[in-house]
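For reference, the structure is listed below as structure tokens.
Going in written order, the chains are labelled A, B, C and D, and every chain counts its residues from 1.
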């Protein structure tokens, strides 16, 4: 009797174990892996107080922490072609479900600071190549416009014209590749119009005109949350 | 009798001649000498169909041709410091009553094309020095903002940010030096907003994004007429 | 008898055919496919009078035309990262035995002309990545230093310093990756020292300081012949 | 008697005073006023351990301190046109006998760092204008070539080509204006060839590739001494 009971128990235990495994497997499956792919702004975004950390905190508050895994893949000084060069190792190897690309500031900025920005046509070409490679693996791609190089709200920051130009290119790329657009440039500009009455070039959402301060990290996290979780 | 009459006539003739001379001298005195001091846009402005020629035609139509003498002093590629270097020979030596300064496009443009633009602080310094030297001779000074490097109306021409920045500097200079401002940048931008629906980068008021076409020369002539003749 | 002889003949014929086929196959195998991978200089090099055409002619004179197949893969304006982007389609898809890479002029030149040159560290990174990908397919790689941007022989061409810097980088890359180096910069400089007594900036081996004239194409063909056929 | 003696004494005293005054005046006349006119290198040259201070010390050692008065007139970031703008206040107002001009590093360097270098033809134009204005006042003018932007000895510092080009321009200016040339670029390069075996870009005669270290200040003082005191 005992033996037969034991056998039954054994069967039940095995069954239970299988169900548990399947359940946990199914939970793992549901966890969406999101990689944030970009430059120094994203590199800092994965550090203390950064926008990726803030996004994680916001998910926790909503009780969604088990549904998403957020990973930063930002490297300082990166331009679009740097993303292309390192995407196999830094993104594809990690099998993400979703990739958020935020690049473009250095492609414009370095024209002035070191003569090594990116031509507009090459920018578009490499951007398309990055997206194509991601979409070929069924990865969802969201792309962002570059926010600011200088926070003046009257388009009198030295490189505003070029930033607007590259943002237009990115908006076109989003349409053509059927990617969701997170239009940070527009969002920042709208914010500056209302919140930068003295037309300052830094100190509103950035520390130095480019890199996010506390408020800027929260602002970006809010923008991304709206696009990522619906 | 005849002799005495002759003598009287002689006296009258001399008197008449003196009056005539004085009158013509007084007319000469009233003729206001205006020099247009600038770069290639002004150099072309003094050529066929140029804005200075058009201004002259407009004065003729108003019957004011004897009241004004218009002279072009534009040289291609000039920046503010070039004006400073050649102002003794090309402007002061000609004893103008009024000088219209229109400079700044190359100070910005050459940053991109040859790495030889003008630093913003130096731009202001030289601009002030040019004005001071003119005002010290009681010459009336009117100054213009640079119009365009690319005619797109959404501030997405590559150097729009820098052009806006230098235009702000010029607006400040006008205030501080009590000069009249001819705000061509603003006037052009307003015009583009209404008249450039396809957001083209040339062909509206310019031939190449910088140098004026027929319509552009007329537009500038109109702007200047409003500031010069009141 | 005749029949049996015929059968024997038939067998011999088949055998002969097989041998012929194998022989021709083996000849095909021996034909070395060489791709010249570069920028506008190489694009022109594949055109009339170009260095690749001249190399072909030289091989014909030596009776080696059946041993080599030369293909140009140059595109105007290309920098090292453009080669990386298009190497799958334009080089690997063609199964070359040997690739000659000649790149670098635009990586330096565009710093001055459009603010879009290539950072030295990125240049090295992409160059290594291109070589690694070729060598992984057992393709022999030869690499060239950029020749000139201006032909003055006293290192007073505006970008001589940077060209020397990038040439040093390429020399290092050749050593580290065990590639043969075709040191065109050194060869050109040596030639200019003896053949440019008036220190002219063009017209000796180039038409415009960068792109090869007749003599320059022959000079490069000679340099490459020495490296390719030993 | 006493009175008459007194009167004689009085006369003698007055005579003596006059002679003394004339003597001291004549000494003052003999003191040669030398102004060093330049950029940050010269600004630092007038500070502790700077080349102008070292020159003063060397004159003292030779007992020549009463014969020369050395004055620094260097301002950081200056290019040739800045010298032209401030020469009235900073040089002519001080009535120098001799002016040593050392400029050119920023005219080249700022092309790379901020897009605001000086065109070669404008460089020559302003340099000639500065010299003409000094020579018109019978001031002796000595001019220097720019030393280094990077100390590598194989002309592989990024801007070596342009520095060589502007140095050639200065050598021509010296000849055409009959100015003595202090060829610091050549002197530095010769020194680096013998004293920089590891081809380092700084630390030999400069701290950062541009600004002089202790040894560099002494080296420049030696070069200038040779040209100034013969």
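Everything that follows uses one rule, which is that a contact is a pair of C-beta atoms (placed from the backbone, for glycine too) under 8 Å apart; a residue touches a chain by one contact, two chains touch by 3 or more.
Predicted model, so just to flag it, every value in this text is computed and none were measured.
Engineer: Let me spell it out: compute each chain's centre from its C-alpha atoms, then which one is farthest from chain D's centre?
Structural biologist: Between chain D and every other chain, the largest centroid distance is to A.
Engineer: Over half of the interface residue numbers used by both chain A and chain C, so same, or under half, so different?
Structural biologist: Chain A and chain C contact each other through largely matching residue numbers.
Engineer: How big is the gap, in whole Å, between where the Cα atoms of chain A centre and where those of chain D centre?
Structural biologist: About 55 Å separates the centre of chain A from that of chain D.
Engineer: How many angstrom between the C-alpha centroids of chain D and chain B?
Structural biologist: Their C-alpha centroids are separated by 40 Å.
Engineer: Round to the nearest whole Å and give the separation of the Cα centres of chain A and chain B.
Structural biologist: Result: the chain centres lie 51 Å from each other.
Engineer: Can you list the chain A residues in contact with two or more other chains?
Structural biologist: Residue numbers touching two or more other chains: 111-112, 114-115.
Engineer: Report the residues of chain A in contact with chain B in the complex, numbered from low to high.
Structural biologist: 111-112, 115, 150, 154-165, 167-168
Engineer: Spell out the residues on chain C that touch chain B in their complex, using ranges where they run on.
Structural biologist: Spelled out, the residues of chain C in touch with chain B are 112-115.
Engineer: Any idea which chain B residues touch chain D in the complex?
Structural biologist: Touching chain D: residues 81-82, 84-85, 110-112, 114-119, 122, 125-126, 129 of chain B.
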